[in-house]
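Notes to accompany the following structure.
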Amino acid sequence: MKLSRRTFFKLGGAAGAMTIAAAPRAVGASPTAIPGAGMKAVLVDTTKCAGCRACEAACAEANRLAEPAMAGDERVFTTRRVTDQRTFTVVNRFERGGADTRFVKRQCMHCVEPACASACLARALDKTPSGPVVYHPERCLGCRYCMVACPFDVPKYEYESASPFVRKCTFCAERQVKGLEPACTSACPTGALTFGTRAALLDEAKRRIYDRDSKYVPHIYGEEEAGGTSWMYISDRPLDELGFKGGVPTVAYSSLAQPALAAVPFIITLWPPLLMGLYSFSQRRAQAEAEADAHEEVPHA
Amino acid sequence: MRSSAQTMTPQASWFSEKILMGLTPRAYVRSLFTPFDLIAGLILAVGIPVIIYRFAFGLGAATNLTQETPWGIWIGFDMLCGVALAAGGFSIASTVYIFGLKDFHPIVRPAVLTAFLGYLFAVLGLMCDLGRPWNLPIPMIYSFGTTSVMFEVGWCVMLYTTVLALEFSPALFEWLGIGEGIRRLIVKATIGLTVAAVLLSTLHQSSLGALFLMAPTKIHPLWYSPFIPAYFFISAIGAGLSMVIVESSLSHRAFQGRADHEVNLDRVAIGLARAAAVVLFAYFFLKLQGVADGGHWALLATPMGYWFLFEVLGFVLVPSLLFAHGARTRNTRLIKWTAAWTVLGAVVNRLNVSVIAFNWNIEHHYVPSWMEVVTTLTLVTTGVLCFRWTVNRMPILRELPQYRDEH
Amino acid sequence: MIPHDILTLYDAKAFEYVIALLFLALFIPFWQYLSGEARPALQPAVQAARRKPARPLTELVEWFRMAPDAFYHPGHAWARAATDGRVALGVDDFAQKLVGRLKAVELPAVGTRLSLGEPAWRLRVDGKAVEMLSPVDGVVTDVNPMVVASPALANADPYGEGWLVKVDAPRFPAHRRTLLSGRLARSWIEDATNALRLRMSPEVGLALQDGGMPVDGIAHALDPDRWDVIASEFLLTQGNETPATGERR
């Protein structure tokens, strides 16, 4: 392919100018917009949780799982439990010297910009516009990238099975579609779980925190963690004492890989002209050398 | 393969010529009783049942993977190292066909074969690791997770393995003596295939690194950086060039009867060493930049920090200087040993990011199970056996007389 | 991902620039070191030869390489004027492939007088030996020590490093016209190849077609027990008959 040097530089210059001119995308919306404002969410008020584990029982029934371990037995709280492939939600107890016992329900946080869904190459884990992060088992390859990506280590894998799936809380998406509340929030007798829209629940949380006689710690876990989650927690105890991971970045996890991915179309566009230019250049050089050699050659005796 | 006494059989079949290399079946089987073959046989005898066991009883029965460490050596070594070390394919192809350095032409075919087998067995390792590998067509055909780096990796690896197969196929056609039309077409498309190879390799070598961008809290800060994609790509070049040096020196010793005698491997090795020296030198400084960018200087004084320094100094800076010295003094022995060390360094780096520095601080850190190790060993051994089978029969290290004038 | 605050960011960014400048400063001496040669620079002629893309010094005729500037004796020895005024002699690629990997080479001592068409040296493989005829009249002045030490060098590079002896042959420029070269040499090798083909079983022929040379030599592949007889026929050191046509030379 004959490509004059001038043409090559013209093309290269144009490509370069376009790259610079591309305005950086404004990250995030306007400062007053709340991520996932209209999405369904739950506010968990740990000061009201009595540790009755009715939510666990309701979840197991709604999802056709086995009965929660050691139902009705207080000794279940002696170990710190995490969700697993058969248990989508757990309640843990946190004591501080006898008094001041707090119970904390954990499950999938249903992030506004979920890491797992953005990591899933087959959209088996998928964010629905109404809020829940749902799972389509028929699409799953079992690569377990969602497990690597989730900052809260929520997705659990059925390692014991020869036909394994990812298992986690689905926010009772099928019930929500029918206009019902999730099983756990309907079962909660103390009002520790409040189901609503994210914006409204954030307002409610702030109201409780900034109330005049409030004992709440001024932090809503899930307001900004991982870019904002649908399940949000407030407490009168520092949240890292209640088993919550500190230091979760406040960026939306779905944006972490985007700069790298954005480079892909650029590379696809730039590499061929660049490489063909180098090819032409090296061809020209080899040609010039061959011509020079032809002039140099002295006939053999 | 040794050609022992060739007894003349009355009918010479295609099978006995092409597959048994002109030996009688008995002579061929006898020629397989070398120490290497016996060890390989042992590994396969244990490994194949293990792989069957893994599929019959699931990942939990065969691996030490946990809910907190979902990725083990099948991803960390088989997939990541397999792909990184196969980077020699596009490096040499571009050196010869794009940059026009014809001196390296004799090592294009072995490098492409190494790359092709490397990717093939990386994908096989992935099949062992996936929980539902039969669903592989789904993100290829109808459910596209376009926000996922894994999606891009999957597509790129699939396309690139295809490109490698195409780049390898002329050797196959020359051996079989059929398909001359297709072969010619592919040879004509060499430049296009090489451009595609460089493009796809850039994309997925860096994307394999970009996968880990999603785990900022789980990877040790000294290894986590927004520059991981660039790190993976550049270190892949260094690793690929080193792997080509190692592979070509081992091949030419093991396959002497099958190789063209005129190839001056020493000159090739020195040229590769120069390139690797420069790449590793730049990569070292890029790693420093990463530490500066994250402001993690204080972490260098921790145990993981020492391990990081060992990786970056011992496996990057030192090889860079050794390659430079070896190239300058034409010390091919030093170059070959440095190349082997650099290959090890690439493996260490990939394992660090994916397995060692990943969740380095949890209570029960992941350690591979013996079955995972055996599976990996089996796949590597099978890859080497395939390499040997191919080189013994097809024009990889030598040129067939009738095609010599093409290059 | 630890977010920087602007106060630490000043230092961090400054340090990055410092590292980059350090790299540039160190890269220049590094490149120079890398590109230098520890041994004295090669002579211009050799460097010019290296610059050229690999131009084959030999050309391929059928399965065998031939050096275009060599003169061949029908017994498959070659002669070529060397730079020091002497004539270098060696075995050609046909002979080397015919007998296979050499175990030893018995070369004439310095001072021996060689006669055109008379036995000059012996090639030893596997306990048996075959002789080859000298292509020139001359007195041996040099014996290649590298070939004596590792005879396989004559297999690996029969026209280059694998030369066998050098002779003083003052009438070589005149006599070489009686030797085969150029087009004649090529068709001679083609004939020899056909002669080989006629003797071959299908398997060996197919294997050679693939370019894979039997390590033990073509003669060995034709007849493992009488390979030396076959080889001597082609090298003209047995019975003085040319193999294919049976003509007397």
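By letter and in written order, the chains are A, B and C; residue numbering begins at 1 in each of them.
Rule of thumb we're sticking to: a contact is a pair of C-beta atoms (placed from the backbone, for glycine too) under 8 Å apart; a residue touches a chain by one contact, two chains touch by 3 or more.
If you're wondering where the values come from, they're calculated on a predicted model, not measured in any experiment.
When every pair of chains is scored by its C-beta contact pairs, the maximum goes to A-B. Closest chain to the protein centre (all Cα atoms averaged), using per-chain Cα means: B. Averaged C-alpha coordinates give centres for chain A and chain B that are 32 Å from one another. Taking each chain's centre as the average of its CA atoms, chain A and chain C sit 65 Å apart. A separation of 34 Å divides the Cα centre of chain B from that of chain C.
Residues of chain B in contact with two or more other chains: 216, 226.
Annotation for chain C: residues touching 2 or more other chains are 1, 53. Touching two or more other chains at once are residues 249, 256, 286 of chain A. By the touch rule above, chain B contacts chain A in their complex via residues 55-61, 63, 65, 67-68, 70-71, 94, 97-100, 129-133, 135-136, 138-139, 143-145, 147-154, 191, 194-195, 198-199, 202-203, 206-207, 210-218, 226, 229, 358. Residues 2-3, 5-6, 8-9, 12, 16-17, 21-22, 102-103, 105, 175, 216, 221, 224, 226, 257-258, 261-262, 274, 277-278, 281-282, 285, 288-289, 292-295, 324, 327-330, 395, 398-401, 404 of chain B are the ones that touch chain C when the two sit in their complex.
Within the complex formed with chain B, the chain C residues making contact are 1-2, 4, 8, 11-12, 15-16, 19-20, 22-23, 27, 30-31, 33-39, 53-54, 56, 60, 62-63, 155-157, 201-204, 206-207, 210-216, 221, 224.
For chain A in complex with chain B, the residues that touch the partner chain are 82, 84, 115, 117-124, 136, 138-145, 147-149, 151, 153, 156-165, 245, 247-249, 253-254, 256-261, 263-264, 267-268, 271-272, 275-276, 278-279, 282-283, 285-286.
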